[in-house]
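See below for the structure under consideration.
A, B, C and D label the chains in the order they appear, each numbered from 1.
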Amino acid sequence: MVKKYKVVFLDSYGVLKNHEGLIDGVPQTIEYLRSLGIVIKILTNDASRSRLQQVELFNSLGLNGLSTSDIITSGMLARLFLEDKRIKGKIGYLGTENAADYILHIDRDSVPVSAINLEDCDDIAAFVFLDDEGFDWNVDINKTINLLRMKNIPVVVANSDKLYPVSPRDVAVGTGGIAKLVENILNRKFIHFGKPDSQMFMFAFNQLLATADYRKHEILMVGDTLHTDILGGNKFGLDTALVLTGNTIESSVDSLVTATGIIPDYICKSIVR
Amino acid sequence: MVKKYKVVFLDSYGVLKNHEGLIDGVPQTIEYLRSLGIVIKILTNDASRSRLQQVELFNSLGLNGLSTSDIITSGMLARLFLEDKRIKGKIGYLGTENAADYILHIDRDSVPVSAINLEDCDDIAAFVFLDDEGFDWNVDINKTINLLRMKNIPVVVANSDKLYPVSPRDVAVGTGGIAKLVENILNRKFIHFGKPDSQMFMFAFNQLLATADYRKHEILMVGDTLHTDILGGNKFGLDTALVLTGNTIESSVDSLVTATGIIPDYICKSIVR
Amino acid sequence: MVKKYKVVFLDSYGVLKNHEGLIDGVPQTIEYLRSLGIVIKILTNDASRSRLQQVELFNSLGLNGLSTSDIITSGMLARLFLEDKRIKGKIGYLGTENAADYILHIDRDSVPVSAINLEDCDDIAAFVFLDDEGFDWNVDINKTINLLRMKNIPVVVANSDKLYPVSPRDVAVGTGGIAKLVENILNRKFIHFGKPDSQMFMFAFNQLLATADYRKHEILMVGDTLHTDILGGNKFGLDTALVLTGNTIESSVDSLVTATGIIPDYICKSIVR
Amino acid sequence: MVKKYKVVFLDSYGVLKNHEGLIDGVPQTIEYLRSLGIVIKILTNDASRSRLQQVELFNSLGLNGLSTSDIITSGMLARLFLEDKRIKGKIGYLGTENAADYILHIDRDSVPVSAINLEDCDDIAAFVFLDDEGFDWNVDINKTINLLRMKNIPVVVANSDKLYPVSPRDVAVGTGGIAKLVENILNRKFIHFGKPDSQMFMFAFNQLLATADYRKHEILMVGDTLHTDILGGNKFGLDTALVLTGNTIESSVDSLVTATGIIPDYICKSIVR
């Protein structure tokens, strides 16, 4: 059925790879799509790695031939937002140094929340939830809440995913889950980046339009999660395919589609033929 | 301060007009902006009128010189979505015939929910909340709920506003409010169009880019509502100005900004100098 | 298993009766429970009928021997609340005259929202959502919203159910659904009566304690709805049994229990042996 | 005005004490209330200390004459619930050993989540959120989520407060905030104890009724928080007084009351005359 499309947007985790590495057969499938002349873009809710680091990771796993422009991450959109906004002052953050490096290094200072002095924080002009790692949850979540109670500044969430899988059995709270806790406590709404929001789709679509004339119905979005990949793809006007190699398992897919009203155009076991 | 910008995006109701007609001084202000070479776009959460009907209404009120391409409405985005999706079958709707005419008349049949036979509705392939008028709430809201319980089809909300002002004292439940009731009852999420969602901003921005090269920080979004105009503008990366001629009143603006964390770059009494 | 219990609390609609009348075998089952010496109470989210009207309705359907004190309704709790609060002024309402008669007739005036003059409403001291019938939704819901925007008065919801079944296929928006729409629009929280809230259980339990010494684990709550009967019973510390003669159907019960985390102690096809 | 009442229910933190100790004048006020023959009960959302520990703490601060039966805590209600439910198996928990000792020590084993083996947890029959301290948030919150994904068991939240003050400037995420994060991630609803829920009020009211005949309008609930003390008191049918010595500050009280629709009968600077 993929022959109907000129472009395929792919989620990363749960579609191309899982906790063990690449899903079996994925490199061959990508090769086949390329042989049909189908353009491929990877749309991933991830702020922990830069696009270059993503490409290197895929190479190391055995999926070659990707260029940085093939990968659109939520962290990248957060970075673009902060650049466009031309924030004057330091940017506070919760997350790893690596994420701070590539997202916030825009000729200005950034500072982890652990290093912020709440008695003297006039120079903090924005705040970013970058990652669920790289800080002490017991201490730094409360400190973030108290900082944001004092300072009414733009707050950006660089990955809106509430949870992510870490093994076939286990999940972990993601950046979006921690941000949601803080929003809930403060009764405020932050600026979230990532699927299902339209911006990631629009960014990828505009990239395509810069190379040739495409229509939305010529694009297929493939993902493993109804609430991000499929909801976002549907809303943006793309056809959508749900695969069962990640968050959504075969035994509950029908009841989930009925319960949520989020309806993929196709449901497939995996992207591998 | 407007001289810093090359483009101004304006909300309509509460910024340009109110229940009595144009706000005093608006035609002169628009004339002044044009004289500075500033491009103007109107972004409005409205699905009750086509762009042409919007232009005619502004003309009849005394604001001339607008063309249809200057006006971006949520109803228009809903129409584009339905065209792109190429839905096969009839589209059911809740709203007026006028809205159905211009939004749904895309070489296919549309049918008001009052005319749908729940015993025989296999041919309904999508549903649209068009307007809060044009139907019997006591009967047709329940009928819509029962239709959507039976049929898991794409559901579009052509105007996500939950309420709108009808006089200085009174408001009315809008299309988005009725859709929210149905979503709440069914525990489902529909596809909403309108600010604060990025799509309306992206549509206007792409229109601009087709004529010249613009950067987001060269655009000012002006609106009267924190949760739609300002939140949406902020998230899209625009500078934002809140005016106090509509939903937000001067005495509560500070506490609202603090309580919501939605921070406009400017707060002005009105768009009139 | 019912022999383990000294008391059985029963939901009404979906357990004892449905849209066609009494569920087959119910009078015999009730007779059997009485023969075992088990005390029976009916706990129902209903404000449309008084307890006496409820008893008369059960008699007319063929279930005899109930007394008014065996029936606890959410409307009754709303009435007690308004009596205790000793509100000074008129009580506005949305609903039927019958409901207003028995809930609000406490030596004071009540007035339907349709008869309230918004220009002159200083004497309205409280407001009650009584029923989903008896008013014009197109007009009176908006009028209620505008009244409550002007007047910060206690607002009571006499039946918190968001929807109720009207046939095997169809449901209708209930009093709680309309109240939720208004709360959502106004961003306020009203005072809701009905399961799963503890008050109805506490009222029934206190009635029991006035006659003899009971422990909570001697009471079984039987209902057809996870979010009201079972959640409320569990939280109050009762054992709970879900029956499949109403809102919850056999094919989805397992996935619903898993998805909601609301766990009945027993799941039975019906209360009939 | 307090002379109108026979009973006063008092919140603890923000009404009687703050981070520095007793609020100035509180012992004299309590003495005065007692001299008028007014019965005093303290209703506190707290699970970190037993009633006896609460009495000892008040004594050490300088408020004497309280007996354990004068203090109703949310932790106590959680304990009663678990006793009534007669859970068969171990109870997992998140919190301090002290809280586990007095809440869970009911002739059965309890086990902190850090000591649970997810490969072998068949014997865990219930779970309790006891406190925001006593565990490693980075590790144990995720472990709790994975435990509760596997096991559909009753989950109790012994203190529903989402945040609590730790200094005039700073707050901290409370037990209820952590539980809310987990509920949000799992899309489930736990069994919460604490104001505004009716159960704490009902418990105190039933204690009163065991000593003499009281009516609800003879009781005044005094608290510093609209969403717990005042909402709960209003709903239970009590008169309510908001004091400004804790969570709610004078400059924003009017806009908060308007925004939330939670209306105290009285607003006072403090309980001290």
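Criterion: a contact is a pair of C-beta atoms (placed from the backbone, for glycine too) under 8 Å apart; a residue touches a chain by one contact, two chains touch by 3 or more.
This is a predicted model, so every value here is computed, not measured.
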Count of contact steps on the shortest path from subunit B to subunit C: 1
Farthest chain (mean CA position) relative to subunit C: A
Intercentroid distance (Cα basis), subunit C paired with subunit A, Å: 44
Where subunit A and subunit D are represented by their mean Cα positions, the distance between them in whole Å: 39
Interchain centroid distance [CA atoms averaged], subunit A/subunit B, Å: 28
Multi-partner residues of subunit B (each touching 2 or more other chains): 259
Subunit A contact footprint on subunit C (complex, rising order): 252, 255, 259
Partner subunit A, residues of subunit B touching it in the complex: 80-81, 84-86, 148, 152-155, 186-191, 197-199, 202, 206, 215-217, 231, 234-237, 257-263
Footprint of subunit B on subunit C - complex, ascending: 118, 136-138, 141-142, 145-146, 149-150, 162-163, 169-173, 177, 180-181, 184-185
